[in-house]
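Pasting the structures here.
There are two complexes below, and they share chain A, which is joined by chain B in the first and by chain C in the second.
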Partner chain A sequence: MARYLLRRLGFALLLVLVASSAALLLTRLAPGDFAAAQGLDLTSAQREQLRETLGLNQSLAEQYVSRLGGALRFDFGESMLYSRPVSALIGERALNTAVLATTALLLATIVGMPLGIYSGTSSGLGRAAVRMVSTVGVSIPPLIGSLGLVFLAARTGWFPVGGMTSSAGADVTWSAWLADLVRHLPLPALALALPLAAALEKLQSESIETSVHEPFVAASRARGVDRARVVLRHAWPASLRPVLGLYGLMIGGLFSGSFVVEVVTSWPGLGRLMFDALKARDLFLVAGCAATGAFFLAAGTLLADLLLAWTDPRVTSGDEA
Partner chain B sequence: MNRQPRALLSVLLILVVGFLGWRAWNSARTDQEGGTELVVSDVSTRGGTLTSSLRSEPRSFNRLVEARVPTDLYSTLTGAKLVRINRATGEPEAGLAEKWTISPDNRTYTLTLREGLAWSDGAPFTSADVVFSLQAIYDAKAGSVLASAFKIDGKPIEVTAPDARTVVLTLPGTFGPGIALLDNLHLVPKHKYEAALKAGTFAHAMAVSTPPAELLSMGPFKLTSYAPGQRLAFDRNPHYFKKDAAGIQLPYLDQVIFEIVPDQNAEIVRLQAGQLDTLQQQVRPEDIGTLRPLEQQGRINLIEPGVSVDPDGFFFNMRAPYWSKDPRRDWITHKEFRQAISHAVDREAYANTVYLGAGVPVWGPITPGNKRWFTPNLQRYGHSVDRAKEILAGLGLVNRDADDWLEDPKGAEAQFSVLVFRGNTSVERGAQFLRDELKKAGVRVDVVALEQGAVIERMFKGDFESIFFVVLTSSLDPAMNADFWLSSGPSHFWNIGQPTPATDWEKQIDDLMVTVTTGVDEAERKKAFDDVQKIFADNLPALYFVAPRLYMGTSSRVGGVTPSILRPQLLWNVEQMTVTEDR
Partner chain C sequence: MIRRAGIVLASQTLVAVLAPLVAPYDAGEAFRGFLHAPPMRPHLEGLTPVVHPLVLTDLLESRFERDPSRTVRLPWMQRDNTAPVFLLGSDDFGRDVLSRLLYGARTSLGLSLIATLGSVVIGALAGAWAGYRGGWVGDAMMRVADLVLVLPVIYVVLVLRAVLPLVLPASTVFLLVAWILVAVGWPYVARGVRAIVAVERSRQYVQAAQSLGAGSFRILTVHLIPACAGHLLVQATLLLPAFILAEATLSFVGLGFPDPVASWGTMLAGAGNYNAIARFPWTLASAVAIFLVVLATNLIGARGRSA
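Presenting the complex of A and B:
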């Protein structure tokens, strides 16, 4: 198990390194730079001065080595856009994204998994309805989903149209702030969770449908064990392997921030930060956001692998036959 | 075998957490609904909170080094000027300076500050702060974006402070806009930033991480909180100097909040939902139809300040070396080619297609929105595809094969590429409209949408065939935008920073602009600038098709609005704005 864990950790580190390096190199190689992105606010001389000050005139290799050296010392540089340390900016936004991601993950799990178990082990109109809804859910892109929810919120007033807290919540008690936050969560959380819930339902359904036909399930039934008990205690754990695989990706994707949902719903998270950094060609912030995203993806995958190893010991023993 | 109970427990736990979350959300909603019953909303001119939107985050609160919209809006709320241009009348009005005199040679301005002025920390505002602000603007290490605006013919203005209430500005030469120059002067407190300027760190002063209590204000509001990615909140500045005619201390509002809403669609929805009172910028033409019914219901107001002073512009690369080896060099930089393009574009159809009817045809960069400097007597190239084809044929461009496009005698196709900013919907639509119109004349246009930074970089490097974009005007007086008109100017986009004028007509414009920038007789300045516009329209270094009509959206609770065509169109006189009741 320790060897397995080390292997996965090594993979996670490699992923973070590759993703942040690729982000830095690709942003650097694309036409234009931070100084050019200032538009017409600066004169040519000021633009050149800015390049000099920020080290944008350095060669690609110099920049990369300098950034890599900094990252090894946990110094991710200073954002050109905000003139603040990248690590501080990412820390603030990662917390906001984590709140949203955790809610969306819980929501997707609560909705997707039970429905998947139901549709995978039953037949008739209910199953057909669930499958149809999840097909629609999977097909709706997050942009359309979030715009639809924003429209719904504006028309009905059921929940705020956007933001993480309301203006009135600027100087309030902790509990009032929390209540305000909870009021703002449904819109972005639903926008993120609905397609994920639909994907989870589909995967869980297909997986459990296979599991319920396994010989050990038939044997349990033959011994007279109650059907619901057989499904939940025997077939469901055996069906979790593909679902947990998706879970890893879901965790990674959610925690690294969805810029579409965050921009449309004005949620101040990592996705929006990355989007702004990319628009402004803020090299170090882009690299920092990419590294954070890769870290969450690696952590999610690792968590999913550990869960998988917990539910299915064949994974770590190598006995997968 | 004990994994299954754990899994079941996990599901149960998730269900419980979800249920509690739902309860909390539900109770928060109920609380809010209950709360609205307690609100007693008297219509009042004083008090209340105005909520506006901001599309992007501030990068700095230092207006001397950062000119973007968020910083400029911050400065509008927290800054005061010695002399301000009234955005509605275009005339200078007294600000921190209660009066001023101008010397007979129009080079020395002596300003007297009001008595008892104070920064928001209570420290007195004196002439030393004015001197210090200009020192910071001219400081090379500070890298102020205002430095060039405060140089006359490349030379700085001398500033002295004979006493605490007197400021003397001596210009190196006469300056056409006169005292209006001071509308650009943003003031910073000497007692707070003198050390930073001496240490060469002024460029980093007033960073967004600065605690709001340390940011001083002379304006109607002071920053009280900044939640990155969420909002900026401003409270009334009790030290603000202005009072209304009845002697009531301004501003009327208690608080202004800027909600950061990066997406323009979400911004409109929040205005519709009553969560915003004003928008950062004008309403897009495509949103007007959505907002009209709400206007009829009395929920929002659509205000039309006038015709925008920022028309869509289109220009070719006029740097001769760029085309020296290009087979199209014999015709692409000729003014007749540009005149043919101007004839080929139906401006009425452009206004209908790109601005959904909310635009007026224009024939030069100065639009009817700029009432003082606009001249209608310019060469107009009426829409006629036949006339365009005739001119193109005169350049040797005729259809020599079976395709839709014209060719010159050497076989080079009548084709060029045009760069546009990706994401600017009206400009992208405008470039596509241009492409479709020129197709009718047999000219092929390839529209290339790039990120703004990439377009700007290619423009400054001269690596482009043509660019379609919109330049945002910061001042109505052409002397304040001389960089665009002068051949040596950094904003002379078609051929930037020429050491000597490349053409005779650019030389003529340079000469006339001397009168516009240094003349003190308004009639002479206007005549000179009319001539500049005529030369421009004859030679068409840049083509202009349509200027949009501006529409500003506000919630119906907003009052005291005096709209302007210049940014910020509504908040420029935020101290006079009111809200009638809380939501």
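Presenting the complex of A and C:
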């Protein structure tokens, strides 16, 4: 177990390093730099001056080594676009994305899993209806879903159409801010959760359908344990392995999806920050965002793997590899 | 169900190929007096389908009214220059949404199909090499594939696209985006192919081919890659909708095709603020088209996986 954990941790560190380095290098090698991206309102002398102050004249190697050294001391440099420390900027935006992604993941689990258990263990009209809804659901990716929900919200006024709060910058009490957030959250979270919930439902349904036919389920039924208890206590845990495996894969999808949702619904998250930084060629901010994203990705995958290893000892013993 | 899904896909592709013939107007043709015109409902007059032309009543609010005293024939029957006919409405430049949808199918489906084909071919070759020959080249390819597989696709596509020159002619964008999509798509194919080939290569029919003197190239192309056909088909049905979405996302955020080009993504970009979405929902037509194609490929893919 310890070796397994160590190997996964090593992979996580490598992922963070590779992703942030690649982002920094690619942005640096891209045509144009931050000074050039500032449009026409600078004279060429001012532009040179700006490059000098920001250290854009350094060679690639110099820049990379100094940034790496800084990153080891948790100093991620200063954003050129916002003139603020990268770590502060990323901190607040990452939190916003985390709120969105966690809500969506919870929502998908709460909706998808029970429906999957239901449709996998029952027959008839209800099951057909659930299956049809989930087939449609997996075909509504976050881009389409969020546009559709924005249309719905704008027409009906059921929830606010965009942003994270309506009271940005205003001095409101903590509880009022929270209530505001809760009103803004459903739209983006729903758009993000819908295809995930549908995918969860499908997999859980397939998986439990095979596990209810296992001999031990029939045996418990024969001993007189009632149906609901057999399904929930015996068949469901046995069917969890592929479902938990999906969580590891969903984390990447959650990231990609949240970028789109953030753009459509003006949610001030990490994805949009990175996108703006990319367009402005804000080197350190791009690298910082990539590192943070990779960290969350690695942490999420690790967590999913641990969950898997905890529920199923076959994973770590190496029988599967 | 599966047949209907196939029909949807096939007809979309057919329409995409035939766009210049079936589209009522050119994708870039803008009618300046008809910004955000609503869809018109055709009716029969005798045996010819006609519509009542629209009259602008409020320029600032983009309000139109039907003029029941006049009729205009549909543009397919006979080009009537007195008034344009928008069966699916018009967009923010006064361009016909239906025509743009048809021309957009060309761009979006064409790009996604080419990228899917590219990913399948490259993924199959790389995976087969890694599974059959192995060695450090195969290992290195699989390590790269593993890394690409963990990364969120959209971010990789965004970063790759954003670091390349942003203002390019449409044909260059097409090729560039196709290559980027292939770069993120091939690992999904290669991983499975490698696993299948690694098992199949010790089967008797491969040994038979070897003992008959077949070279490794022949064994790979004639025996091993065909053994992966099912996997390749399933992967293609997963990649195609993902690529359609990637194009839509890129164009939506302004990193895809430049505006006058009709693609399903650029159409969404034009619709993309909530004020416009609420008042002119017909500009979201391409979102519906994307949904239908994704649904159709999902249905076909689900059938392929269970078969």
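In this section, the second predicted complex is superposed on the first by the 306 of 321 C-alpha atoms of A that agree within 3 Å, B and C clash if a C-alpha of one lies under 4 Å from a C-alpha of the other, contacts with A are read in each partner's own complex, and residues count from 1 in each chain.
The rule is simple: contacts are C-beta pairs under 8 Å (C-beta built on N, C-alpha and C of every residue); 3 or more make two chains touch, one makes a residue touch a chain.
Keep in mind that what you see is a predicted model, and the values were worked out from it rather than measured.
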Clash or fit, chain B versus chain C on superposed chain A: clash
Return first, second, both or neither, reflecting whether A:212 touches chain B, chain C, both chains, or no partner chain. neither
Would you check which partner chain A:191 touches, where first means chain B only, second means chain C only, and both and neither mean what they say? neither
Quick check on the superposed pair: does A:264 touch chain B, chain C, both, or neither? Answer first, second, both or neither. both
With both complexes overlaid on chain A, does A:81 touch chain B (first), chain C (second), both or neither? first
If you stack the two complexes on chain A, which partner ends up touching A:113: first (chain B), second (chain C), both, or neither? first
Regarding the shared-chain residue A:279, is it in contact with chain B (first), chain C (second), both, or neither? both
Taking the superposition on A as described, I'd like to know which of chain B and chain C A:31 touches: first, second, both or neither. both
Tell me which partner A:236 touches in the superposition: chain B (first), chain C (second), both or neither. first
Tell me the contact category for A:147 with respect to chain B and chain C: first, second, both or neither. both
Touching both chain C and chain B, counted on chain A across the two superposed complexes: 30-31, 147, 150-151, 153-154, 161-162, 263-264, 275, 279
Contact footprint of chain A on chain B as seen in their complex: 3-4, 7-8, 11, 14-15, 17-18, 21, 24-25, 27-29, 31-32, 49, 51, 56-57, 59-60, 66-68, 143, 145, 148, 204, 207-209, 225, 227-231, 233, 257, 259-263, 265-266, 269-270, 272-273, 275, 450-458, 460, 471-472, 490-491, 496-497
Under the definition above, what is the set of chain A residues touching chain B in their complex? 30-34, 36-44, 46-47, 49-50, 81-84, 88-89, 92-93, 96, 103, 106-107, 109-110, 113-114, 147, 150-151, 153-154, 157-165, 167, 170-171, 178-180, 182-183, 185-186, 232-234, 236-237, 263-266, 268-269, 272-273, 275-276, 279-281, 310-311
Sort out for me which residues of chain A touch chain C in the complex. 15, 18-19, 22-23, 26-27, 29-31, 135-136, 138-141, 143-144, 147-148, 150-151, 153-155, 161-162, 252-253, 255-256, 259-260, 263-264, 271, 274-275, 278-279, 286, 290, 293, 297, 301
Chain C contacts chain A in the complex at 147, 150-155, 158-160, 162-165, 241, 245, 248-249, 252-253, 268, 271-272, 274-275, 277-278, 281, 284, 287, 290-291, 294-295, 298-299, 302
